[in-house]
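Labels A, B, C and D are assigned to the chains in the order they are written; within every chain, residues are numbered from 1.
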Amino acid sequence: MLKVGIVGASGYTGTELIRILVRYPKVEIKLVTANQLSGQEASSVYPSLKGFFDGKYETYDPDRVKEECDVVFLGLPHQESMAVVKELAPAGIKIVDLSADFRFDDRAMYEKTYGVVHLCPELLEDAVYGLPEINREMIKGSKIVANPGCYPTAALLGLYPAASAGLIDGGVVIDAKSGVSGAGRKLTLESHFSTVADGISPYAVSGHRHGPEIKQELTKLAGDVGMVFVPHLVPMNRGILCTMYVKIGRNVNEESIRGLYRDAYSKEHFVQLLESGTYPRTKALQGWNGCHVAVELKDGETLVIMTAIDNLVKGASGQAVQNMNLMCGFPEEKALAGPGLFP
Amino acid sequence: MLKVGIVGASGYTGTELIRILVRYPKVEIKLVTANQLSGQEASSVYPSLKGFFDGKYETYDPDRVKEECDVVFLGLPHQESMAVVKELAPAGIKIVDLSADFRFDDRAMYEKTYGVVHLCPELLEDAVYGLPEINREMIKGSKIVANPGCYPTAALLGLYPAASAGLIDGGVVIDAKSGVSGAGRKLTLESHFSTVADGISPYAVSGHRHGPEIKQELTKLAGDVGMVFVPHLVPMNRGILCTMYVKIGRNVNEESIRGLYRDAYSKEHFVQLLESGTYPRTKALQGWNGCHVAVELKDGETLVIMTAIDNLVKGASGQAVQNMNLMCGFPEEKALAGPGLFP
Amino acid sequence: MLKVGIVGASGYTGTELIRILVRYPKVEIKLVTANQLSGQEASSVYPSLKGFFDGKYETYDPDRVKEECDVVFLGLPHQESMAVVKELAPAGIKIVDLSADFRFDDRAMYEKTYGVVHLCPELLEDAVYGLPEINREMIKGSKIVANPGCYPTAALLGLYPAASAGLIDGGVVIDAKSGVSGAGRKLTLESHFSTVADGISPYAVSGHRHGPEIKQELTKLAGDVGMVFVPHLVPMNRGILCTMYVKIGRNVNEESIRGLYRDAYSKEHFVQLLESGTYPRTKALQGWNGCHVAVELKDGETLVIMTAIDNLVKGASGQAVQNMNLMCGFPEEKALAGPGLFP
Amino acid sequence: MLKVGIVGASGYTGTELIRILVRYPKVEIKLVTANQLSGQEASSVYPSLKGFFDGKYETYDPDRVKEECDVVFLGLPHQESMAVVKELAPAGIKIVDLSADFRFDDRAMYEKTYGVVHLCPELLEDAVYGLPEINREMIKGSKIVANPGCYPTAALLGLYPAASAGLIDGGVVIDAKSGVSGAGRKLTLESHFSTVADGISPYAVSGHRHGPEIKQELTKLAGDVGMVFVPHLVPMNRGILCTMYVKIGRNVNEESIRGLYRDAYSKEHFVQLLESGTYPRTKALQGWNGCHVAVELKDGETLVIMTAIDNLVKGASGQAVQNMNLMCGFPEEKALAGPGLFP
């Protein structure tokens, strides 16, 4: 029985972790922490857990975590997360950090993007960027996995095969659309129902924190190429759709591009290449850890790559469990099976 | 390995059956029929099934069903369903019929409500009304289960304890609110996005077919009491909320009423009584076979009973699998575990 | 040219007042106050106003209001509102107060319901409850109009003809459904997109502040009758739908009841009685100051009354302008014309 | 009094025309046709019109139109529209055609795009492409105005200043997002609530009919430049958002680009340039004939142009009335005033 803890468990990603893990026969959730809700039953805050999880939120206690847990998930805000990692890492516990604190290779880039000082830069090189379809082998051996952001997951899964083949040397436009749960449970005017419902708008056009994260990973695949990233907020609960535009510099046809994607993903459990002429719909992925990918070459020169994921599953907690499975030598898809909810 | 077939599998309830059953280790889906989509892969119509189910819709063939299936689910429109039951019943196959064709004890009431002649009234008394929390024992021994309507499921689970205790002798008002998937995949102006989104309205006030169905079952519990049922269409995908009003005729307090509900449901896997002062939210039940119930006594004389379900799960396909489990002697909650999706 | 001010103008009702009044040729908006946003252009907070209104929010200054305004609308939270009324009333300015502070005849009932002490109970009897279809003549002569709550408006317009005719002596169940803008711009978990979207739930079942307000007015029409009021939150921007259930105590038929409604409303500009067999849809009223009403007698004994309004227009700011028109001797429908937005 | 007719009045654009025109004091709606709903009151089909418009749909009769109307709006499907234009044009009636039948200069391009033979190609050169902000003078003198498509309106208003200045010589990516009313009242699986609500997807990636329309007009402004157009369906009633990406080939900075937009639009009534750092939100434009535009230069080399409109107003019926005003020598903004509805 694997003993896991969730530190920072009262947000949407923490709750999604509980949702996934309670169905995992070999996993026992030993503790869930939420300092501000300490003592409350998780199921009183999230009635969807009623009958499945009777644990109470507790105050984070590093000793207790070290004693009780083999694996710990961190659902904390950035900054808070690295303090916890610094504390727990020496104990050898496996850590899946859902914050951005260990996603950057370069401390300076992290500090610039997030506007804070890194507390344990010495751990950055121990951390692996947890996108299993690209970094599977590294994840298997790691003790600290930086779980990717939701936008980066959707963007990079779409770009990976094309970038690896040198097709995006001319740069890429990433037009991304997200559901509102990506903004979390924090109350802001931007996630207020009356602001969002029945409308759409771009936001953070001049710079979203996931931009540099995508750029870092894309550079590893394709070198230093141009990239424009514009996120939009869509009136839906879950889901990210990325529509990406690449000017193809050389002589390739759609079929050969589809071949690249087939090669990259035909053995992947969680990435499905859609048939020619069909396109991803976020709704087909609700609750599942998958990613739907479509590619289409327009006018023989612009490659349109489209991906969809559930931002709380493949874009966060599902991928975190996928990473845990890899770190622990379990079957990668364990506890992550089951089709999405449609409609 | 239990071999099941789904006849009429291309609607939302058929697809939901597939979603549930592909995660059921002991069940094999032998065939799915959809005469008009025959030859198409189900996952091309419902991309959420991609990677989980590679079956093709086929044309209904009674001989093949008899040969291949131990259990068959019928996701057909009323009228079509009874023709199939008439054909399959003699072969001894276990049948869970999701249509209304076998929900009425009284042929005349059925014919009046649905405006058609019943083709096999002789089978009506073999059929059991498949609400397990009320009729569990009868379901266990039956060969034909009439799976309840979505509104009746939500209403009756709320009324059952009060009705059994004689509390609703003065009649009940059932104000019901449903998500749009309850109207199915058929294209109508009423389920057109532009009609429904961002608004609410009552419909079928003068008579909804689920009214007589609720009345029939309520009469068994409470005798011939007054009942008004008004359904509303809510701009959401899944979910039914019933708010029910009962004028309490005698001296009871809220705590004793809560006691009735606790007695009725404390051992039930799929019905959860909410704490005093908290109310059901359809969203907490998305994708799960559960029902949340709350009761509150207002001004000491009006009992407000509130229930929520996912209309496609507890209100249709999940309950159908629950019934299959009972009919086959399997654990009742098998394949139906897992918390709802929130948000 | 009528000079108006809006004190507390940065919420949804204040903005809706601006939206309506900028199209009113005979009205000049002299000032809009919002202490916390003082100095900001209203159109930078609400881009829908761009090109129509270039005013800036200013800090409330009673002297300036007295000097500049003939009429003032108060879009303040309860409690804050009465302090302003106390200050402005002696100057003889016409006041339309959108808060609850002057809706109650009985100071004690107000204080119990809102949990605060009334600062100027001596003004309560000067204030008129501003539901024009019922209190038109009194409004005409008044200086202080207490603009009704959104739920009370929808409920009372439906109950008025029946109550006046003594039909609801047996009491009434009011099952009310509201869009989220009714909760205002204040950030709460209950109006967070991820809580509300794609689901429905009852709230404040044990007591909503609009309950006693409805009760007070209903008692004037029908005497002390039983009343149960349960509000629900619906995933839509605007709109209230009330479905009301009345057990008819005597021998009346639907047609005679329709006659009562026809008599009451045939000359009303803003209330439309729907044809038999059709029901109100909130969506048909978006942006308009109207109310759609339908009545239906079920089983000869339960009268179902259904009403729909736009909560921000007839339920708040539109009605406030209607009241202003009456107080100033202008045509009642001035600036309030124009069909609702559909879809 | 200007006498107008609406031929093909029962769709969303026809209804929106009625909504706008009933508030137009100098306009009288003489007739509305809808062959399949002939004899029905428009307000029984669209209850939002109740109390504002008591006309009945009638069967189209060219003689009656010629006799009664000064101006006629055509809300017909393409193909049907040109037959009517052919019939009415000789009579000298002013025609605003909301279909695509007269939007193309080149008959062959029209026939290829819409797959039908043009019935009156000789009239194509009499028709003016009715985007007033670009073609105002031509519209003033014309008898046949081809009202632009919704996507082309949103895209071209954003591209116009940049294209005129030669900034988009390197081509443009148009990522467009539309509400569902753009698909009209026709029942399709794609506009079924359960398909669309709470999700997003691209569609018609390989070729949407508005692509060639945008291309034609863009070519007039910028010459033959590359253009990729990908539309998406968003779960909202009204609104189009275009996010457009242009690789800037030469040395310009954001401020000079903003200058181009200011020059182009500062005198326009219906186009508002947003402040730097703010972005359009479809919701701010509900019901208004305006367009919000934002521009931002990313990394000094990619110009991001964002526009939002209400697809049924500026994208259809509002623009049609704007065109009528120009054709008739009326003030352009007549009957089109009034801020959008927010929230």
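In this section, a residue touches a chain if its C-beta (ideal position, glycine included) is under 8 Å from a C-beta of that chain, and two chains touch if they have at least 3 such contacts.
As the structure is a prediction and not an experimental result, all values here were calculated from the model.
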Tell me which chain's centre, taken as the mean of its C-alpha atoms, is farthest from chain B. D
Pair with more cross-chain C-beta pairs in contact, given B-C and C-D: B-C
State, to the nearest whole Å, the distance from the C-alpha centre of chain B to the C-alpha centre of chain C. 39
If you average the CA atoms of chain A and of chain C, how many Å lie between those two points? 45
Averaging over Cα atoms per chain, report the distance between chain C and chain D in Å. 36
Multi-partner residues of chain B (at least 2 other chains): 12, 181, 194-195, 197-198, 235-238, 280-281, 283-284, 286, 343
Chain D contacts chain A in the complex at 173, 175, 177, 179, 194-195, 197-203, 205-206, 226, 228, 230, 232, 234-239, 241, 243, 245, 277, 279-284, 286, 294, 296, 298-299, 301-302, 304, 306, 308, 343
Would you pull the chain C residues touching chain A in the complex into a rising list? 12, 180-181, 185, 187-189, 191-198, 235-237
Could you pull out which chain C residues touch chain D in their complex? 12, 15, 18-19, 22-23, 44, 46-53, 181, 197-198, 237-238, 269, 272, 274-275, 278, 280-281, 283-288, 290, 292, 337-343
